[in-house]
Amino acid sequence: KPAANETPTTPSTTTTTAPAKSNQPMEMNIATDQDPVGFDPHKVPAASSLRIYSLIYDTLTRLDADLNIIPSLATKWTVSPDGKTVTFDLQKGVKFHNGREMTSADVKFSFDRILDAKTAALAKSYFTSVEAIETPDPYQVVFKLKNIDSALIANVTSIYTAIVPKEVADLNKEMVGTGPFKIGAIEAGQSVTLTKNPNYFVKDMPKADTIKFRVMKDEAERLAAVRTGKVDLTTVSADSAKLLEKTKGVTIQDYQTMEYGYLGINTTKKPFDDVRVRQALSYAVDRSEIVKTVWKDQGQVTGPISPVQKAYALNASDLPKKDIDKAKQLLKDAGYEKGFETVIQTASTYPDMIESAQVIQQQLKAIGINAKIEQLEWAKYIETWKSKEMTLLIGRNTAGTDPDRSLRFFFSTSGGANVWNYSNKDFDALTQKALETNDLEQRKKLYVDAQKMLINDSPNLFLASPKYFYAVSERLDGFVPNAASEAYAIMKTAIKNK
Amino acid sequence: MVSYIIKRLAGLIPILIGISVLVFLILHLVPGDPVLIMLGTNATDEAVSVLREQLGLNKPLIMQYLNWSLHLLQGNFGESVHTGNAILPEIIKRFGITLQLTLLASLIGWAIAIPIGMLSAVKSGSTTDIIGRLIALLGISVPNFAVGTLLLLVFSLYIGWFPPMDFVNLWDDPFESIKKLILPAVTMGIVMAAGVMRMTRSTFLETLGKEFIRTARAKGTPEWKILFEHAFRNSAIPIVTIAGMQFGYLLGGSVIIEQLFSIPGLGQYILDGIHQRDYLVVQGGVLFVAVVFVLINLAVDIVYSLIDPRIKY
Amino acid sequence: MLTLGQRFWKNKTAVICGLVLIIICMGAVFAPVLAPKDITQMDNAHRMQGSGDGYLLGTDQFGRDLLSRIIYGARTSLTVGICSVAISAFFGTMLGLLSGYFGRWIDTIIMRTMDILFAFPEILLALAIVAALGPGTYKTILAIGIVNIPVFTRTVRGAVLSVKNLEYVESARAIGQKTSRILFLEIFPNIQAPLLVQASIAISGAILTESALSFLGLGVQPPNPSWGGMIAESRRYMELAPGMIIWPCLAMTLTILAFNLFGDALRDLLDPKHRSR
Amino acid sequence: MKALMEVKNLKKHFPVKSGFSKKAMVKAVDGLEFTVYEGETLSIVGESGCGKSTMGRCLLRLIEPTEGQILFEGQDLMQLSPEEMRLRRRDMQLVFQDPFSSLNPRKTIRQILMEPLIVHNIGNTAEKKAKVEWIIEKVGLSPDYLNRYPHEFSGGQRQRVGIARALILQPKLIVADEPVSALDVSIQAQILNLMHDLQKEFKLTYIFISHDLSVVKHISDRVAVMYLGKIVEIAHKSKLYQSPQHPYTKALLSSVPLPNPDVKKERILLEGDLPSPSNPPTGCSFHPRCQNAVEACKNRAPILEEKADHHLVSCHLIEKR
Amino acid sequence: MKSLLDIRNISIHFKGDHEKVNVVHDISLQVNPGEIVGIVGESGCGKSVTSMSILRLLGRNAEVKGEIFFDGRNLLEISEKEMRKLRGNGISMIFQEPMTSLNPLHTIGKQIGEPLLRHRNMSKSDRKSRVLKLLNEVGIPRAEEIYEEFPHQLSGGMRQRVMIAVALACDPALIIADEPTTALDVTIQAQILELMKNISRQHQTSILFITHDLGVVAEMCDRVIVMYAGQIVEHADVAALFRKPKHPYTVGLLNSIPDMAADKERLVPIKGHVPSLRNMPSGCRFFERCDHAMDICRQEPRMFADGTHECRCWLHADEEGRP
């Protein structure tokens, strides 16, 4: 399964109420839909693993619920005037779960590991600007950069850059972090138990004594479990959320995600190599209907940067609107007045993708495009995605905590996730310039221009960013989900005694 | 008997070689790359090739096969690409779980099927017969996941008898274990019932038409004793055959039910392996299932000789 | 002695099931005429509703007409059932004939291969095949077809074994008939009965397997409706819109019951022993 | 008299599976020697399971003999390739015991009779048709029946079709494997008469397999008695019935129930049952049931020798005359 | 002398899928104590059906009309429970196929002991000693071992002996033997026939002996009944029947058997074939095949008696019988 969340973090300060004092250990049961597949935070992107290791490891910085960057293991960071040196001051007295104190050596070890090609780390591509990492002091780490990297601080909020102890050889087998929870029993295929880290460096955190993630693959079972109180917390679909609204003892919590669904277009494949055809598709698709049908009205129309990132997201008025006449005109100009046949591929695992595909297929009919839908098994889907040889592909992205990630990674000519063969020199230049700009206003303007450029070129049709739902039992106190990190919300959640 | 068993086990070898080649080929020919799945959409080309090399996936297929089968000969099933955990212990553990589920399911299936099948045969052609057959057939006329979901909804949620819970081994806490397993077992059991019922009915019909049944009647034996003392054992072989076949089949194939009810069984393990292209897991798992399947067939054959004195090995 | 046809008409189960099957098949064939609505037409105003507003059986999550989709679903499900069984029956018959008639090493090789296929969990095999070939109705048919070959091979082989030692086969050899003619002219016509029975029952199995593949997301491709696909999809809406799952389930139940009972009735009709009682 | 077929040391052993290591052999036919002359009827009698049918099938190489020679018109059939053998079968045909299972239920009588002509490519379509109609009348059925299926016929009628099928190629030799034992006595009589007439008309040679001594007496010229895969006595009918030599033949003849309550026969009741051919007794295989058995019978197997004029017996106790 | 078994005018119909066929038509016969009565006739003439109707072993689709008196009681009227008490006890049955009439999965001892268990309430050890005695009586060697063996370990002749032992277990007054030697070889058949004769003689057991082999009848029986197409056509003492058969069918039957004693060039078969059950001629059922057919034969003949020799043929009609 793919990473649904890319960059979660944990908070450093807290204002929630103290947990009810009790001798009974308090266990929180969380339903999870997949078995975790390994726990190496640098290497395993699977959501099922991530939601667990996010509770075990910490990062240098993190995001708060409003996506502001706040301190974590690093109490403070300074950027040199030329922008090419970044210094992190570390929190003192932070201990790994094995009792050893975390120092700058561990930070250097962690980043060296990420940067080492042999590790095949997920976050390696975030740090192309890094030239060297120095540790002048056990509590200070210095990043020397080749060029200005305005995304660096945001990038180290990613749990993929978790600080790991240098003595552990196999992170999949031994999970030793600094985080709020320690690993407990692992029952493959059934459950993973985490226990509270009593020495957690953030005061009064976490609230729960143990957390048990229980694998429940089928939504029907998760629903039954949360309704019968066998589970305290689970994600649910919008439909089920509606169903649960009236259930006693369960509340529904939602949040707007950073994810968005898209229709990816291979910009070198005929007839989509013609920008007019891509634009025609864009005008033919009614995104608000997707919000209604696929997300049951629980979502927003989006651009390349999700609306959650209020600072950079485009205004709704800048997003394309359905305009069949214009679409037809564009097709005619491109020489496809009579329309054509094509294929929309999608992953078989995700109902929302399949439903989006069906809605789009239906909408494209209006301009004479007949699309066949092909559901691909996940492995095949990934391969197709990676192959750069798809025609039309439905997918879902996490926009990323920093606009650099949202734009450059996915759409620059050399972007790691640009599988659409999209190449626009102006766009490349704009995003590169934005990356090397530390001035916030300037940055924002550059990114808005870049987004408009993308919408005009339409290598992807950005569809909708959904709300996600949690069903929360009344035993839990203070669970407030957010786009930044589930771990952050869980850590703050206390358990009421019955 | 012993020599027969040895012979049958020797017969396993070509089957195992065949299966191992087949599963290996299928897996490696099916598109999808474990490395891509591991790295997800974040993968850079560089990371992909590094990882592929580390896992030995860039070697020629034949080398990979030989390497795997040589390790296999030493009882080494290898490790999961994703978790790095040893495969064999995991298979054995999960097989234990599947076994418990299958046993329970079979008991339920037989408890439904055999009485109905016998009744149907005795009352062949009557309304009882038709109704009995309809009941048994209903189980296979709806997809099992629909039945399972319905059971979950009704018994787990509305009535609240069997809430979703963790799996416990039968021997650790039989009561809890059955509470967890009963719904999936019923779902599987009613599917099983149809086949067994059908076989029971037809063999009983056949047996009841045999001449020794007439002989028994001519001795003054009451009908119900004829049914149980004479017809039952004589009908047992085909019933045992199909029951054994289904049993073996369920041991490797109850994927959907396991998924529906979160039972961490072998089918799930292999299915996850397939989805993640965790080659060694799938190869090891399928091979294991095949061995079990063959062993069950062997067991069935041995049961034959217990039932029927004419069968000697 | 009555002919098979006459006995057929005397057998109520056979007649009723036969009629049901004919009606279902007609429904499938004339779907374009019978279906009241376009099966892909989405209606935002009437999503997941019960019967009413011109939708006899209600609508699905896109507001598409359930009745029309069920009628078209019959088409897909029956196509999958019948075609896949045709594939397995064809190859199963060939292999079973060879294996049963020649015996010895040919038998050993074929049957061991079948054992291998058989020991392979069915759904996993189908899954692997679909994953390899990609999704789609024809691939699904092929996958299910391949998966069922061993069953047919065994059935046919068993039937051949019981027929091949009958004297008319020996007499065919005695007059100097060629092996191929013996296989296809003497033996094959006489194993049709078990084959037919097996096929009628296997069709329902194939319809179910398709639904299992749909459950795993690899069945017939949307927006083409298949009953299995509809059931798998609407499971999520079981509580919100029960009609979405009930109607396709009913259609499937009826069809599968009809095929099974028809197969059983055929078996009774064709079994000379059964007849005498 | 000209020999049509000479059989020398014919053996057929079936391997039977029993256990893993030891391979038991059923010696169904164990060293047969006899000659069939042109135009005669040689009957083979013997109790159930003594290897009669196996022998019949071996003669046509429908099953491969384990050992031995079968000379048909001087040509050794064992040396022929399967394809040559297939074509050679035109001259030798088989009539089966069971008129119910020996006709393919899915074919019309016409198709059944046409098949041999198609296989051996005899005549054009019209000729084939004519020939089929000719033969069906020869066996006493109306050509109207040609389009019917076997199940529409009685046992006797089916057996006629079976005979017609064997005859249509106008073979030289017909091996009839218990052709009347499944039939009622009155129908049996019809068929025996028919076979008799056809023999006259077509100069057929019959090897007639049966266990019914009265039927055999009626139809044959010479009779061979089989016991456990071997011929124990062979002689002209009149000699065999009047002065049987082998103790088994004697017992057999005395056991036949006669439909005449006035004849009170001296019955020779044998002890015990037919032994199993997979584990035959040592020496003379009849010795455990033989009242006259002496020590030699246990140790040494007797050979089939001419004890009197054209009267061959396999017994130590019979002196050569 | 009072008959042990007295069958009076029974007719048997089978209800088919849509029609009722009459397979046995108005049959009467008596069996006296200690007597062996044979029934002969071609295949399908209703011999087995008649014999099975006595023990009410015909399936649910059979309809038996008439009266069957055994020991003074009408077997068609007693309850199923009473009937069960009689089966294997007062009346035993031996079937044609020794191979399939024994339960392959039960030991010989158990099968012979079963009637004793049902009817005699004997202890296990008593049963065993009785069974061993029976085995000896029917001439099975190694009784102790055979007791524990299974049918497949025995030869056909031994199995038929076991069947006889089963039938003898409760000292029945009547044994019905339905073609007990048809499946056996002649030498074995001779042994079995001898055994049955001895048993009848020693125990004064009556035997109703069904066969299609006239030779066997000649050897075994005191009286013979000849059946044709569901009817009795002739009834006589054995000697009388073979010496002077009256019914043309019986004559035809005797003529079509190849005679061991005399050499005939050609056999004389009966012409035509048995009429179908669904399509019986209304008069004499042998009419179509009879060389002596007369006009009167279109009317159904009754049994005409000439002393103890009865015959259903107009040729032999007595004075009062003639119309």
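Odds and ends about this structure:
As written, the chain order gives the labels A, B, C, D and E, with residue 1 at the start of each chain.
Keep this in mind: a contact is a pair of C-beta atoms (placed from the backbone, for glycine too) under 8 Å apart; a residue touches a chain by one contact, two chains touch by 3 or more.
From a predicted model like this one, the values you see are computed outputs, not experimental measurements.
For the pairs B-E and A-B, the larger set of C-beta contacts lies at A-B. Look at the CA centroids: the one farthest from the centroid of chain E belongs to A. Rounded to a whole number, the gap between the C-alpha centres of chain C and chain E is 51 angstrom. Centroid to centroid, with C-alpha atoms defining each point, chain D and chain E lie 32 Å apart. Taking each chain's centre as the mean of its C-alpha atoms, chain A lies 91 Å from chain E.
One finds 22 Å separating the Cα centroids of chain B and chain C. Looking at chain B, one finds that residues 30-32, 149, 153 touch two or more other chains.
Shown for chain C are the residues that touch two or more other chains, namely 127, 131, 216, 235, 238-239, 277. Within chain D, not a single residue touches two or more of the remaining chains.
Against chain E, the residues of chain B that register as touching in their complex are 210-212, 214-222, 230, 233-234, 307-310. Listed in rising order, the residues of chain B touching chain C in the complex are 14-15, 18-19, 22-23, 26-27, 29-32, 124, 130, 133-134, 137-138, 140-146, 149-150, 153, 194, 198, 202, 205-206, 209, 248-249, 252-253, 255-256, 267, 270-271, 274, 286, 289-290, 293-294.
Of all the residues in chain C, the ones that touch chain B in their complex are 13, 112-113, 115-116, 118-124, 127-129, 131-132, 204-205, 208, 211-212, 215-216, 228, 231-232, 235, 238-239, 245, 249, 252-254, 256-257, 260-261, 264, 267, 273-274, 276-277.
Interface residues of chain D facing chain E in the complex, by the touch rule stated above, are 47-48, 154, 156, 184-190, 192-193, 196, 211, 213-215, 217-219, 241, 251-252, 254-263, 267, 269-270, 273-274. On chain C, the positions that touch chain D within their shared complex are 1, 166-168, 170-178, 181, 185-186, 189-190.
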